[in-house]
Amino acid sequence: MGDDAVFRIAGLTKAFGPNAVLRGVALDLCAGEVTVLMGANGAGKSTLVKIMSGVHRADRGAMMLGDKPFSPASPAEAMRAGVVTVHQNINDGVVGALDVASNLVLDRLNGAGRGLFFNPRRVRREAREVADRMGLGIDLGAEVTNLPLADRQMVAIARAMAHEPQVMILDEPTSSLSSNEAERLFALIDRLRARGVAILYISHRMSDIRRLADRIVSLRDGAIAGKFEDKPLDYEGAVNAMLGQNLAQNLGRHSIDARDAAEPVFSASDIRIAPGARPLSLALGAGEVVAVTGLVGVGKTRLAETLFGIHRPVAGTMTLDGRSYAPRNAADAIGRGVFLVAKDRASTGIVPEFNIYENMSLPFLPRFSRLGVASRRVERQTARDQIGDLKIVCRSERDDLATLSGGNQQKVTVARWLTQPSRLLILDEPFQGVDIAARHDIAAKLREGAGGRATLLFLTELDEALETADRILVMSENTVVGEHRNADVDMDRLLADVAGRHHETARSV
Amino acid sequence: MDSRMAEKSSVEAPRPSPRLSAREVAIRYGFLTLLFGLIVFFSLATRGFTSPQAAVFILQSVSITGILALGVTATLVVGGFDLSIGSIATSSMMAAAYVMVVLEQNALVAVLVCLAIGALVGLINGLIICYMRVPDLLATLGMMFLLIGLQRIPTEGRSIATGMTMPDGSTAEGTFSPAFLALGRHRFDLVIDNLVPASVVVLIVLAIVIWFFLEYTRFGRMMYAVGSNERAAEFAGAPVRAYRIWAYVISGVFAAIGGILLAARLGRGDIASGNNLLLDAVAAALIGFAVLGAAKPNAFGTAIGALFVGVLLQGLTMMNVPYYTQDFVKGAVLVIALIFTFALLGRRAR
Amino acid sequence: MEISRRLLGKMAAALAGATMLLPAAAMTQDKPAPFDNPGDVEIALVRYLSTGDFFQAYLSGVEAQAKALGVNLRVLDSRQDAALQADMVDQAIALGVDGIIIQHGLTESMKEAAQRAVDAGIKVVAFDVNVENEAIPQIEQSDRDLARLALEQAIADNGESWKAGYVYVAGIAPLDRRDETWREFKEKYAGIEEVAMFGTLDNPIANSVANQARSVVTANPDIQVMFAPYDEFAKGVKIAVDEAGLSDSVKIYSADVSTADISAMREPGSAWVATAATNPAVVGEVSVRALAMLLAGEEPGKSVIVPPTLITQKALNDGDIKNMEELAQKLPQFAHADVAVPAWMPLPPRD
């Protein structure tokens, strides 16, 4: 592609401390093309975006904008040079308290050499020009806070376009939009493309990617793992490159004895986990470990939290042990024996001011208490048992959580839910931020104790699923699109499911 | 994060550890040492500081603010704040006076009315904060203003005392019942006759009750969990809103008890905003963060914090230090305690 | 009911042929203009401070005297907002009132507003605020006299030589004026030894002062006299003295009085033996009367001082006085001040 590229990156590296995030990235962006950047969590996407938009500076490597070197010292400098970024958080891109017109010309109001006074008519005229150029059909006098998310996103993009950029970076712009809203956004992106802007589009949503991509670049572990430019685009290949490992090899290495469920424990029939989502059904049995996989943002966490009573399904019914199951909150779920090891332990798992045994006993304090008084002796004994079982490295059960490593903190949050018998144990990304050894400890413990309950894991990383589960379900667009027994997995079909190709036809049972 | 975090010393019996560094010792025992030093200093510098009566008096002087501080500790534990405690206390004082002097009811009715007012105001605070999503500081600030005004309405801004003239021109004939006044004035014998005032007994009992509640019951533990990580508590099945509402009810009831003791001590219902009570109580609770290096709201620390302020003010007054210097010293102690808590302990501010 | 002078006057008026319902109309013939037609006269009370017993009683005095005169009264309350108070004076000017009473406020904010009112031909009197204007009489309760009366009683009770505790907070104008008298007494009587000075305005004031006073009496158990020239201070000192069990050895002298103070002074064995006070209702009446004299073209004097009364525990007990009303009935010098009373002036009824 070299010749008509307006933006070139070569040999870009960046490390935070000992942590190498980018290891020599090379990337070209061409005028009038949408280049989709795919990458798993931690692949280095956001670092790359931050370097391009002037938030961070690269350690090594070069960026060229047109034929001039480009090394912005600040986001404002990048913007002036012609590289603008629309961030994932929509409200970072607009000022809620102002009307649409002021938002559209906000950056001009700040520029040097502007007059002291604010001329509303002139602002309105300039804003009208910007809006017309972008085909933005929004009332310029409306307050931004009163607009729907999609319109806010449009305003943010139109505002970015007011700089006449050569390069526009869109970081997961559809992550909080409905599909109708997204379609309006795509129409806008089509107009930008027609105007010759080079667009770098970062997303996990396969439907977005299929709709927009001219080229796909997969990033893995800080390096480009694949470029796909030949039409028709090889979406599965891109997903495979992004997930990276040679899965077939892994299969052999981590193969497990796939077990079948003994007796049915939990079933959901035709539940819809979000408005507009297609219904999904699943059945889980005692003794089996089932992994749900899929790209980021396909509704895995939503499903996990729905099963745990944090959200209620829009439609459909669930049964547990043959009885209807409709939890109104987490306490209901826990009462029925449905436990959730939630994703992101820092925000939903650990209580930082509590020590290990206090953290472990948290959901089951009533069971550790008599007449409301907590029995520390029992709590501590239980915690000591778990510390031994899960090989948690600490001085004693009275250590503060903050003194533990990430892996050991994660073990504590998992152990919390293992202290009591459960019917359905759900774990949402239990291996996030956990080293290999801790991951193996946790997985082994999960499989070992799986006998009396159904275990449901939500995992973005495919090889984690292959390593721990008896059965693998694949989610895409808020529903389950495929099912695979972890014995002789057809990797092509699995990747195709992840990439969302079959979601029109394939349904899980 | 390092090993100094390992020794979390709330109010559990401190476990001797061979690895306490000088810094850890300073953090853990610094404030208690300072308190002891102050007592020694005042004992040497003034006459009559070291006597059972003086010691009991210090407790008496902090009993009302101490009780309010224990209440506000409960709201701090769930990550909230209650600015209305001062005005709840003065409203409770006015209500007690109104019930006895104007409505001519007995002491029991007065006490029950006050407690009901405290619980009701706390409940309303909690509901506004949890269900209307008004930030705690703003909700309780509004409640503070509301109560300052409300307590004046029944008497059209007059203070309440026996024989007062009512807005309609009649005279209020009721009196403060002796049983009620005893709450502020009765003294129990302890070694020496007539040594310990009832208000000190109330303070000590409430301190023990709230300390036990927060440290040893599952409800207290859950309240700490709610304050430390609300989402984690929710995911552990805790009814987060209920715990937060209960915290405000506790705070309201404690403030009402403070108001009852205030009324019993003054023997009349004085129009007052209660802002000084609020500030002193909050200061005591915040100083409590630094006690034993807890770095979190805790009942034992709050009690020590209140005692600290009491010792300081008693000593300074005995040395004839003017009142404005005392405010300065109080503020300085608070600032030092906060620095102690947040800088030395290296923990994130709440 | 006691037969008072006003009652006699009222009966005389009734006998003269007027109905009791229209007492003002009955006296029109005797009164100078504009009070021959008082319904057309409008006066405004512009207040800076309004909450608390003192200010309530003051207002009731103003209302009573205005009613006796038969004039219309308009009350404007700025609630401690100095700028608003000045605006309210302008508002009163715009309303076309005949007279204005400025009650408290700050010299800086009121001086020019008062001048504007005078320029507009409106008669103005000021209570407890110095507006630095020759045309505006000052109504004052004499703080120096208050302190003097209380201290003279202390000398009479305890001789010329005693150890004293003194409650004082600097910067409050009435307290500063009372403080001047205390200094004079200390100079005059070398035997008075001030062993401790304390005080605070933290509210509830009585509670905060009680805590301080308790420390002071613990440190200085030999104090004989507590001079607390403000009743909230005295109340706090009394609580502390009671709690310390020193009611027999300490005597409290104060200023100001209220119903609650009366019951505190009359408690058995109370250490609070005397207070000097001006009746705020009387001050309110005097304010209106002084303004009425101005309106009638008479001269009330540059400074109208309402004299205080000494109220002793003994007098309260002897008269079995339980509240302010009874105090007014049984201590006539407290109920009425012969200040600003020209012959034509109707006085409010007292029952």
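Before moving on, here are some points about what is shown:
By letter and in written order, the chains are A, B and C; residue numbering begins at 1 in each of them.
Assume a contact is a pair of C-beta atoms (placed from the backbone, for glycine too) under 8 Å apart; a residue touches a chain by one contact, two chains touch by 3 or more.
Since this is a predicted model, take the numbers as computed values, not measurements.
Measuring from the average of all protein CA coordinates, the nearest chain centre is that of B.
Summarising the inter-chain layout, the chain whose CA centre lies farthest from the centre of subunit A is C. A straight line joining the Cα centres of subunit B and subunit C is 37 Å long. Separating the CA-averaged centres of subunit A and subunit C is a span of 74 Å.
Between subunit A and subunit B, the centres computed from C-alpha atoms are 46 Å apart.
Those residues of subunit A lying in contact with subunit B across their complex are 308, 310, 329-331, 333-335, 340, 342, 347-355, 358, 362-363, 365-366, 368-369, 372-374, 395, 398-400, 402-403, 416.
Interface residues of subunit B, counted against subunit A in their complex, comprise 1-3, 5-6, 8, 15, 216-219, 221-222, 224-225, 228-229, 231-239, 296. The touching residues of subunit C, when paired with subunit B in their complex, are 50-53, 56, 169, 196-200, 202-208, 210-212, 214-216, 218-219, 221, 235, 239, 242-245, 258-260, 262-264, 322-325.
On subunit B, the positions that touch subunit C within their shared complex are 46-49, 51, 53-54, 57, 60-61, 64, 90, 93, 152, 156-159, 161-165, 171, 185, 194, 197, 262, 265-268, 270-277, 313-315, 317-320, 322-323, 326.
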